[in-house]
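Per-chain numbering from 1; labels A, B and C assigned in written order.
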Amino acid sequence: MDPGFYLQLLLNGIVIGCIYALIAMGLSLIFGVLEIVNFAHGEFYMLGAMLAYFLTMNLRLGYAATVLVVTVSAVCLGYVLYEALLVSVQGGGFERSILLTLGLSMVLQNGAVFLFTTTPRMIQTQQSYANVAVGDLRVSLMRVLALALAILAFAALYLILYRTRMGKAMRGVAQSREAALMVGIDPRAVSRLAVAIGIGLSGLAGAALAPVYAVHPLMGASFVFKAFAIIILGGLGNIAGAAIAALGLGVLESVMGGFLPVVMVDALVFSSMIAMLLVRPQGLFGRGVRV
Amino acid sequence: MRSGPTRILLVLLALAALFAIPRLTGNEYLLALGVSFAMFSVLAGGLNLVYGYTGLLSFAQVGFFGIGGYTAALLVTEQGWPLWSAAAAGGALAALVGLVIGYSSLRLSRHAFAIVSLSFALLCMIVARDWVSLTRGAMGIPGLPVPTLALFGREWRLSRPADFYYLLLSFATAAHALMYLVVSSRLGRAMRAIRLNEPLAQSQGIDPLRYKLLALALSALLAGMVGGLFVFYLTIVDPSIFDFYYTETMLIMVILGGPGSFWGVLASSAALAALPDLLRFTTDLRMVLYGAILIAAMLLFPGGVAGWVQRRRLQNWRRPRVNAS
Amino acid sequence: MRTMRLITAAAALAALAYAGLAQSQEGPILIGASIPLTGGVSTFGQHSRWGAELAVSEANAKGGVLGRKIEVDFQDNRCNPAEAVKSVTQMLSEKKYVAIFDGLCSSAALAIMPLVERAGVPFVVANASATSIAERSGVGGNKWTFKVNPTDLSMLDALVGWLDKEGKAGNIAFLGEDSDFGRAGSTGLETALKKRNLKLASVDFFQKGNADFTPVFTKIKARKPALFAIYAVDADFQNAMRQWYSVGGGVPLTGRVLVDQVPKEIMDSGFLDGTTSVQPYDPSVDTPGNKAFVEAFRKLHNVPPILVSFESYEAMKVLIDAIRRAGKADPAAIRDALATTKMPSILGTTIEFDDHNLAHNNAIILTIKGGKVMVVGMSKT
């Protein structure tokens, strides 16, 4: 096989991996700060994508404007979500939070199917079919943009977590809630912000990927289980770990998919997650949270 | 609390009524609902045992259900086994798998166990779809033959819906009797202790792992067996037996009835097995409603209906009574 | 006084009797249908419903059949055999439906077959693709089940025959969805190729709902096949087409490519020129019957009919025709009438059932040239 083949696989893998990372990081942040596994995470991705579709096709907004509007809406939605639902189940045993978010996912997913039917919609703009080519390698323009957005998001998240006080507070709460309380950090404000950012990232992923994939109410479901696997592999609550695990998974999927039957790759993902949990429960990079 | 004898009488009456239904009406639809109720009640009861009593959130029930179904179907069609043994083997295999999963992942945190159980169920579906040489893949195994049961020395062909109704209802009754025995015994008390406060239970000499495994294995055994029987009613087994929809419905039944309440979950499975069809909700709206119930339950009444009833009772009991003196 | 009462009672009885008689004479003829109205394939359920409803309204506009209107009751089965069994059992227990229609998904249809046999009600399958349905029907099997749509096996045989004539059948790569539809595709192609001592160059499956095809496309392209057979529907197909475009294509497509669902930009750009596809139907088939059908459908629903709409439309027409020939709204008589069906299809052929209760309508071979879909051949299945 010529090296071009491997390189193309690698490139595909990096792009997919960054996209996974975008979704997984939000999930990881929410888990790290609140200890809640957000079952409905995929649905916010889906809602972001549907909103992006509406804005682009019905209101004719440009790409940048769409992404901005969707991200801001997602952040506000996260805020509302926290205040309305999550604040009351925090600390009340994690089963409650899983079941609550599961119920939320059922409402959102089936509600969307009921309202919009499962007919897939595709965003069609002039750039939808543009490609970026480097020698023999090709990537579609929309994917490159999604990749760029993902990198921007990583950078922004890094800045927030490590260069702002709020970010430091979030990391502190993730490390130990009681200790954070003792030094005067308000866990409620921090949790609220974490949820807002997490959902915001999910919505951003939706807006970035709406021009790439078909938009339909069930699109979140296929990503969310992989996102769970990623945050387990990276270490529950460890955001950087999640990003690295996501990238690794994307590349692994792509390279293996180049040689093995694709369906085996999916089974491999879940099996390796189970294996990781049994062998090294704190994930590849160790914890954010007690496991 | 109703007194013991009254309760037993009520239960016997209810059972008699249920078993008499095919004699009273030939309405096949009612029988279909009855079969659905019997099946879901066993699944929800098992989940209640694992989550409600022992406090382990598990999504693996549907995996055990499907493993039992596929095993029984394959044993009957490929090896010519009789129905009972095939279903029992299905249950046994499911229980074994449950023990393996449980033993390896129960050492972990409960978060991790919940996620492992979820991936297990997903993996089951992937395997069912892709190990085509074993499971016929997405095509499933259609045309499962009419089973015969050797009972009281006679061979009984299960060709009418009423036959399956009797079969599944009897199985559900036996399964619930077994579960009731467990939860009202020392085993049940130990499980409840583990759920309420595991370290304390441990300090009292209860080994949590053993009881968790017991709950898991028992629920797997029952789910596997009912799966083995159910697929013959459908005459086909295909990967959709692992659908997440079953998990969601089971969860709602347990949460609504009240985790840890034997009768509550039984009642809610009866209600939820019959009601949606009678109300003719489209399935999407029904799932939205279930989701909303789940959210409301988590926010407002985590104990389900049974828990609410219990609280009301306690409130009444605590109410100050005016002394007529 | 008493006479008055007697007269009133007699009048009331007479009125009741007349109403009862009138009811049985003029009430609508009821057909029960079980299709996925919700769930992952609800788009297909929607189109199946639209196709069937169009056939029914056309018949009703001509006065119905046997002097009565026809009504179809659609129940949801979520493409799940357990739900199909429940919904059909319920309909059969009400004893007012003269026939059961569709099922749509193969596993649902297979689960319904024993139920209709036990109840003695005919079952007309319009869309399910499993070969085992016809294998288990008719002679030596389920005498109440009739399948109107051709099997994948026979359609792919026609396609492979066509490709072989042009010498292209030897190096076909296959990618299909991991479901009974996709698996039927690969088995069908392999059987058809084996007859000509050929085989598929590679076989791959993807999970339904999978969004990303670039790894598998890269893999397939690297093997340099002559043709690429793709079996995907709905959102997966849309995603696949767009991503195929972005990896640059380079291999002509074949199989059951849904040429009527390719995004317009991709089609117009000529990117898919050279595709050869086989389908039981295409909206562009040039017969008067089809043109009328497409126009009527478009007027009602603003979208052109797809394969599923056509199959349900024709299957419902077959059923209505059988009821008319049976002379009475009796399930057994309708079953017998179905067996002797000789109805013209809007594709220009005649629909008849063989001894496995399977119709052998034409398969349509399509290519894409200059950004347009063209019918290049019709082959008996």
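One rule holds in what follows: contacts are C-beta pairs under 8 Å (C-beta built on N, C-alpha and C of every residue); 3 or more make two chains touch, one makes a residue touch a chain.
Bear in mind that the values here come from a model prediction, so they are computed numbers and not experimental data.
Engineer: Looking at C-alpha means, what's the farthest chain from subunit A?
Structural biologist: Relative to subunit A, the chain with the farthest C-alpha centre is C.
Engineer: Give the chain pair, either A-B or B-C, that is connected by more C-beta contacts.
Structural biologist: Higher contact count goes to A-B.
Engineer: Which whole number of Å gives the spacing of the CA centres of subunit A and subunit C?
Structural biologist: Centre separation, subunit A to subunit C: 38 Å.
Engineer: Quick one: subunit B and subunit C, Cα centre-to-centre, how many Å?
Structural biologist: Chain centroid spacing, subunit B to subunit C, equals 37 Å.
Engineer: Could you put a whole-Å number on the gap between the CA centroids of subunit A and subunit B?
Structural biologist: Each chain reduced to its C-alpha mean, subunit A and subunit B end up 34 Å apart.
Engineer: Could you say which residues in subunit A touch two or more other chains, in rising order?
Structural biologist: In subunit A, residues 113-114, 263, 266 touch at least two other chains, as defined above.
Engineer: Tell me, which residues of subunit B touch at least two other chains?
Structural biologist: Residues 126, 129-130, 282-284 of subunit B touch two or more partner chains.
Engineer: Any chance you could list the residues of subunit C touching two or more other chains?
Structural biologist: 38-39, 178, 205, 207
Engineer: Which subunit C residues qualify as touching subunit B in the complex?
Structural biologist: Against subunit B, the touching part of subunit C is residues 37-39, 76, 78-83, 85-86, 89-90, 92-94, 106-107, 110-111, 114, 130, 132, 136, 178-180, 182-184, 205, 207.
Engineer: Taking the touch rule as given, give the residues of subunit B at its contact with subunit A in the complex, in rising order.
Structural biologist: Against subunit A, subunit B makes touches at 51, 55, 57, 104-105, 108-112, 114-116, 118-120, 122-123, 126-127, 129-130, 248, 251, 255, 282-285, 287-288, 290-295, 297-299, 302.
Engineer: Can you check the complex and tell me which residues of subunit A touch subunit C?
Structural biologist: 1, 5, 8-9, 12-13, 16, 113-114, 117-120, 122, 124, 128-129, 131, 138-140, 143, 209, 212-214, 216, 218-219, 221-223, 253-255, 257-259, 261-263, 266
Engineer: Which stretch or stretches of subunit A touch subunit B in the complex?
Structural biologist: Those in contact with subunit B are residues 35, 37, 85, 88-89, 94-100, 102-111, 113-114, 225, 228-229, 232, 236, 263-264, 266-267, 270-271, 273-274, 277-278, 281, 290-291.
Engineer: Which part of subunit B faces subunit C closely enough to touch in the complex?
Structural biologist: So the residues of subunit B touching subunit C come out as 27-33, 36, 126, 129-130, 132, 137-140, 142-143, 161, 233-236, 238, 240-241, 243, 245, 277, 282-284.
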